[in-house]
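Read from first to last, the chains carry the letters A, B, C, D and E; within each, the first residue is number 1.
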Amino acid sequence: MNLLGEVLQQTVNGIALGGIYALIAIGYTMIYGIIKLINFAHGDILMLGTFMAYFVLMATGPTPLGLVLAFLVAMPGSAILGMIIERFAYKPLRNAPRINALITAIGVSLFLENLARVLPFIGPNPRQFPTPPSVFLSYGGVGISNIQLLIIVVSVVLMLVLSYIVERTKVGKAMRAVSYDKPASALMGIDVNRVISFTFALGSALAAAAGILFASAYPLIEPYMGIMPGLKAFVAAVLGGIGSIPGAMVGGFIMGLAETYTKGFINSQLADAIAFGILILILLVKPSGLFGKETSEKV
Amino acid sequence: QGGGEKTIKVGVIMPTSGTLSTYGVDTTNAIKLAAEEINAAGGVNGVPIEVIVEDDEGNPEKTKAAYLKLVTQDNVAAIVGPLTSNCTLAVVDSAQSDQVPLITPTATNDQVTLAGDYIFRACFIDSFQGTVVAKFAYENLGARKAAVLFDVANDYSSGIANNFKDAFTALGGEVVAFESYQTGDKDFNAQLTKIKAQDPDVLFLPDYYNTVALIAKQARAQGMDIPLLGADGWDGITDVAGPEVANSYFSNHYSPESDDKDVQEFVKKYSEKFGKTPSALAALGYDAMEILGEALKKAGSTDPQAIRDALAQVEGKFVTGYIRFDENRNPVKSAVVNAITEEGGNLVVKYAATVNP
Amino acid sequence: MKSILEVRDLSISFGGLRAVDHFRLTLGEGELVGLIGPNGAGKTTVFNMLTGIYRPTSGRILFRGRRDEEPRDITELKPHQITSRGIARTFQNIRLLKGRSVLENVLIAYHYRVPYSLLDAVLRTGRYYRGERALVDEAMEFLSIFGIEGKARELAQNLPYGEQRKLEIVRALATHPVLLLLDEPAAGMNPKETRALMDLIRFIRERFSLTILLIEHDMSLVMNVCERIVVLDYGRIIAEGDPESIRRNPEVIKAYLGEEVEIA
Amino acid sequence: MLKVEGLRVNYDAIEALHGISFEVREGEIVTLIGANGAGKSTTLNAICGLVPVSRGGITFMGEDLVGLSPHGIVQRGISQVPEGRRVFANLTVEDNLLMGAYTRKDAKAVRRDMEQVYERFPRLKERYRQLAGTLSGGEQQMLALGRALMSRPRLLLMDEPSMGLAPLLVREIFSIIQDLNREGVTILLVEQNAHMALKIAHRGYVLETGNIILSGTVAELLENEEVKRAYLGG
Amino acid sequence: MRKEYRDGLVLAGLSIGVVAAVTALVRSGFTTLYTAQVITLSGINVIVALGLNLITGFTGQLAIGHAGFMAVGAYTSALTMMLLGFPPVLGVISGGLLAAVVGMLIGFPTFRLRGDYLAIVTLAFGEVIRVIIINLPSLTGGAAGLKGVPPFAEGRMLKQIVAMDVVLVFMFLVIALMYTVVRSSYGRALIAIRDDEIAAHTMGIDVFGYKMFSFTLSAFIAGLGGGLYAPFFGYLTPQTFTFLKSVEILIIVVFGGMGSITGTVVAGFLLTSLQEFLRFLKDYRMVIYPLILIVMMLFRPQGLFGEREISISSLFRKAGGKRTSEEGDPT
């Protein structure tokens, strides 16, 4: 394979990985945007969503219909889970210092992971996620697998849907109003609790979708599976400008590509270091992230 | 000494919870099974062995705590464990200076037994497995160009990888790609694309089966159909992996399919009691306890020096082969190579070869 | 009268918006000048540039600080450097340390000239104890000048609004400024409180021989205490002069005061 | 229209309102004056459901408001211009106005009302795409008022709308309040600027440290010595 | 005698008393070496958590990578002892110093930004430092770990006891350092930055400079903790200094109360022993531990102590009465 071919191939790999990061990053960014909370449990919602899909696929087998069904079960299922977590763990802390909520989020994260480990139907051992047999569509040495194609298509569609919701709909604008000033939003007649719940639902549903895609590409699932993608997606969200949805998308793709290129052309051990290096570099040049709005405090 | 005691206490340090709990529980079960058998056969010169298990979660810090508890609170005569090399390395210096005989069933890192003359192990060392697989690939498979993909953050994986590289090159082969990743990585497409570009004959994946299953899946998805090679970390891979791991070979401590009498007897007892075929780690745990039992009998007391000297003398046939300790208290024994093939839609593990040191 | 502040052609833009445009101002020692103008004219922004919180797009700020003979360029300095040269301010929205005691709020202002080193603090030398006692004594004295020494140990957030504003002024004065910038000190005060504030401003100016620049929308206050008034509109100076002339200036009436001017 | 009876509100251990009662009748402008910290904002927030009521009753058009959520209260026709403006800094001026009309479904009428707000405050029209957070204090106050109008309230609560405004604008705001009132909006106005407030209101209440100490028609209050001394600077 | 000196002496006496008492208990066999190990580990955790409390609790800058500074301290102390033959205490201090230098390097670009970028950058740093350690096998032992760090003293019993004593002494020194810094004009400057950065800046406080100071000192203290860990434990592996370790430290700070030194000390001992105490729960322990944390945050979000301290003078003043006092003014 020539170098150009290799570069193209790595780009395909990077975009597929980046699509997954982007989906997770959107959830992080939305939740951070609305309650200024780094939701550490986001990766664990992804994990639980993936297990929901796992049980569906075990029943149906890895058929296209089964996959559709898995999305239809896991996304609403995780949405409900996200809402429950918000209601019981985060809502009572809405007026507490932000760091408290952060600690709680870390607590929820550890709790979900370890609960999953002791639950008899999940357990600590990795399981094989049912996937369709891989097909490699190749054109002159450069190719894309059926799963990578699925990831790219599904993630792009979901991102378009989400952008529409947030940018164009009333509830999307309400989300932005609530993110800035909750009492004032309430005075506008906005049901603040509903809007926050909705945000969690949306973010969690996207996490579940990302989880299914992730598991289809890396078909071994276990209770800790959400940690690493969660962390990297978080970096993607910050890099794109936390609170900004287009930022999260672009950040996700940058992370995916940077990771893949580093592994492919430099040195795999440097992948994380370079990802964080890019982050710091971008923050130094543009402190609010690529798409973040400059919010110099007006005094 | 020892005569006044009602039991001889043996400490076991194993990760019975945490990420490694599957391995830890299997091995602990086998150790307990061996102890029960010794006790059923009259114990150590009439005194029964009492096994005290401490969980270390696979975390070196916890290993140290468990060690101190066993040594200072329970006053154990000897220790079987820990499971991983990292955890074992955390306590060997203390065990040596505290004069506590310790035999790890499974820690393969070369450094472990260099801590001193109280430290033993029941498994062969990393460098040996790298050589075994290299020899097998070069001689049995006729491979000349090999690629390696390993976990740099894991000493087990990088140790074997380096040994393979040296051995394979020494045999006259060429390692055309030597790529790595970090523990916990799930995406290997970048490295595989790079490896594929080098067009190797075999791909060596010295890691635990969970990671190997993922790599294999991605390698096959990229259209690589060369044989995959592995080491004892692959033990149990057919439970989690799909057809992508067919056409592979891995070295191991023993093969439950072997027609050896001791092996068959152990497999039968273990599977009757715990409902599953014993893994290689379980076999090693069983052997470690057996070795310690024999040494205790020979020592005739719980004096640490006596136990140490008796351990060094142990020689004989065990489940994982004929064992004799070399001057570094590492067992000199053979390894087996298993082949994974697909037969009628099912994965089958078959004994392929025995490689002698 | 020597000038202590000279602002030359100060401008700043936010994105496309030119919030302040070629602003010029010279303040003589001991003057009390008012800065007024419609909302959004750029008054607070001028303060922000003078105190180093915003960096101007162009222009220079020359200031003759406590120790200097000649005015020096302070345009590029950081807020804390400017404070140490002798400019202090209050904020349009009160920015006290809410969860700290009144005394601590004042002590903060002494920090840049704390009389003991970190090493003294760690080793608890005599210098530390003497220094700390001196600071507290001085702060208490300050508070007593303003009649709130009795509340020294209360949390700042528990003070009534008027006293919070007062505390902000005390805290600014505790940095020993030569020039004091007050941003709408009477906002949210009733006429009675406003009158008290007027007296306070006159008093501190005498007591600490200060030069004061004051933003305020309450004309009763501005017209009564200021000697000179500068009027801003859309970032530009549209008028400058004594209160009487400003009150009659047709442009100011049109842009800011409105037809019927009533001063209590 | 609005009836408050024996209202008590606590912040943790401190009681901020010690059982106040007053009423606002349809078509009136009622002003609530009082010094800083008297509890004026607390009263408005209690009506809007933003702070929990510990005792007492609030009824609006005969319906009990206690225990309703803020958005429920807004839907019943009460709107507040909060103290300190509280505009949505991260939304544009236009989006802020649209948020004001959040509970309304009639898109066309909303458009019309928006044009009306722009007519009233040309400054806002000039900056309709600017982020509200970068507006000056006065501009934000205009926006807050405009935003409240967008919900077409029956009862408008205003918390110190003249605070920090240029004299020209203060008069402007008060004349808008009168206009609105003439158009049929009932208004409860909290003010420090008793002078102006008493000029446009029909009736007033004086609040001091959590108690209503005086009430009456504007004429009565203007006569009162205490009011003159403390709130009119006379 | 002046009150200040009296307090100082009482504190010093108390500290010596505590060290002597636990040493005697272990020596006499009344408590086992296992207990000594838990005490030592608690002491180390307290030291690192105090460092974190300085930057996060007192200065208001969230940092979630203190395991990274521990790692720097631990490896430095181990290597200076093993390669340069430093005596243990010198090794420990050089560990602190190098961690401080690293802290400075990280802080310098980060504090030019406003906002919680420190959280992200420290998170990243915690990960990157491990990668570096793993990739320098000739120096650090790589993934296999660094074995054979010389202990504070030889002998099964002595080794543990001396380690415990040294750690406790360091702990008391760090407490004294923290206390004296925080209760001074310098500490007030940090708190002012936490409460309102812009106001602090216009009051003449060099915000950037003090953030740097606080973070560097914080890294130094965490480095000391790591430095102590090396000779105490004898074996270092990058696996020890993970994100979870940083979280564990953060939990101690929050549990005890951000901005409370007493709180950090109490929480450090409580939580470290709780981890041991809950061992019998096996895998369920890791379910219950976070649950306790969540419940704590929900029902007592300010932590055990809030911002309060137990102070010696208040013990004297109200002997027998209430034992804690609101953090008073430094008079």
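The rule we apply is simple: a residue touches a chain if its C-beta (ideal position, glycine included) is under 8 Å from a C-beta of that chain, and two chains touch if they have at least 3 such contacts.
If you want to know which protein each chain is, UniProt gives these names: A, E = ABC-type transporter, integral membrane subunit; C, D = ABC transporter related protein.
Treat the numbers as computed from the prediction; the structure is a model and nothing was measured.
A.B. asks: What is the set of chains touching both subunit B and subunit D?
C.D. replies: A
A.B. asks: Which chain lies the greatest distance away from subunit E when centres are computed from Cα atoms alone?
C.D. replies: Taking each chain's C-alpha mean as its centre, the farthest from subunit E is D.
A.B. asks: Between A-D and A-E, which chain pair is linked by more C-beta pairs in contact?
C.D. replies: A-E
A.B. asks: Among the chains here, which has the CA centroid at the largest distance from subunit C's centroid?
C.D. replies: The most distant chain relative to subunit C turns out to be B.
A.B. asks: With chain centres defined as C-alpha means, what is the inter-centre distance between subunit A and subunit B in Å?
C.D. replies: Result: the chain centres lie 37 Å from each other.
A.B. asks: Please work out the Cα centroid separation of subunit D and subunit E, and write it as a whole number of Å.
C.D. replies: Roughly 51 Å, centre to centre.
A.B. asks: Could you please state the distance in Å, as a whole number, between where the Cα atoms of subunit C are centred and where those of subunit E are centred?
C.D. replies: Here subunit C and subunit E have centroids separated by 41 Å.
A.B. asks: What positions in subunit D touch 2 or more of the other chains?
C.D. replies: Those would be 134.
A.B. asks: Which residues belonging to subunit C are in contact with no fewer than two other chains?
C.D. replies: 44, 53, 91-93, 95
A.B. asks: Enumerate the residues of subunit E that touch no fewer than two other chains.
C.D. replies: 131, 134-135, 198, 283, 286
A.B. asks: Give every residue of subunit B touching subunit A within the complex, in rising order.
C.D. replies: So the residues of subunit B in touch with subunit A come to 18-19, 21-22, 152, 179-182, 184-187, 189-191, 193-194, 196-197, 210, 213-214, 217-218, 220-223, 240-242.
A.B. asks: Using the touch definition up top, name the residues of subunit E that touch subunit C in the complex.
C.D. replies: Against subunit C, the touching part of subunit E is residues 4, 8, 177, 180-181, 183-186, 188-189, 191-192, 195-196, 198-208, 328-331.
A.B. asks: Can you list the subunit E residues touching subunit B in their complex?
C.D. replies: Per the stated touch rule, the residues are 32-34, 37-38, 41, 130-131, 134-135, 142-145, 147-148, 154, 156, 159-160, 233-235, 237-240, 276, 279, 282-283, 285-286.
A.B. asks: Note which residues of subunit C are touching subunit E in the complex, please.
C.D. replies: 51, 53, 78-80, 83-84, 88-89, 91, 95-101, 103-104, 107-114, 116, 118, 121-124, 128-129, 131-133, 135-136, 152-153, 171, 175
A.B. asks: Which stretch or stretches of subunit A touch subunit E in the complex?
C.D. replies: 38, 89, 92-93, 96-97, 99-104, 106-111, 113-115, 117-118, 124, 231, 235, 238, 269-270, 272-273, 276, 279-280, 283-284, 287, 297, 299
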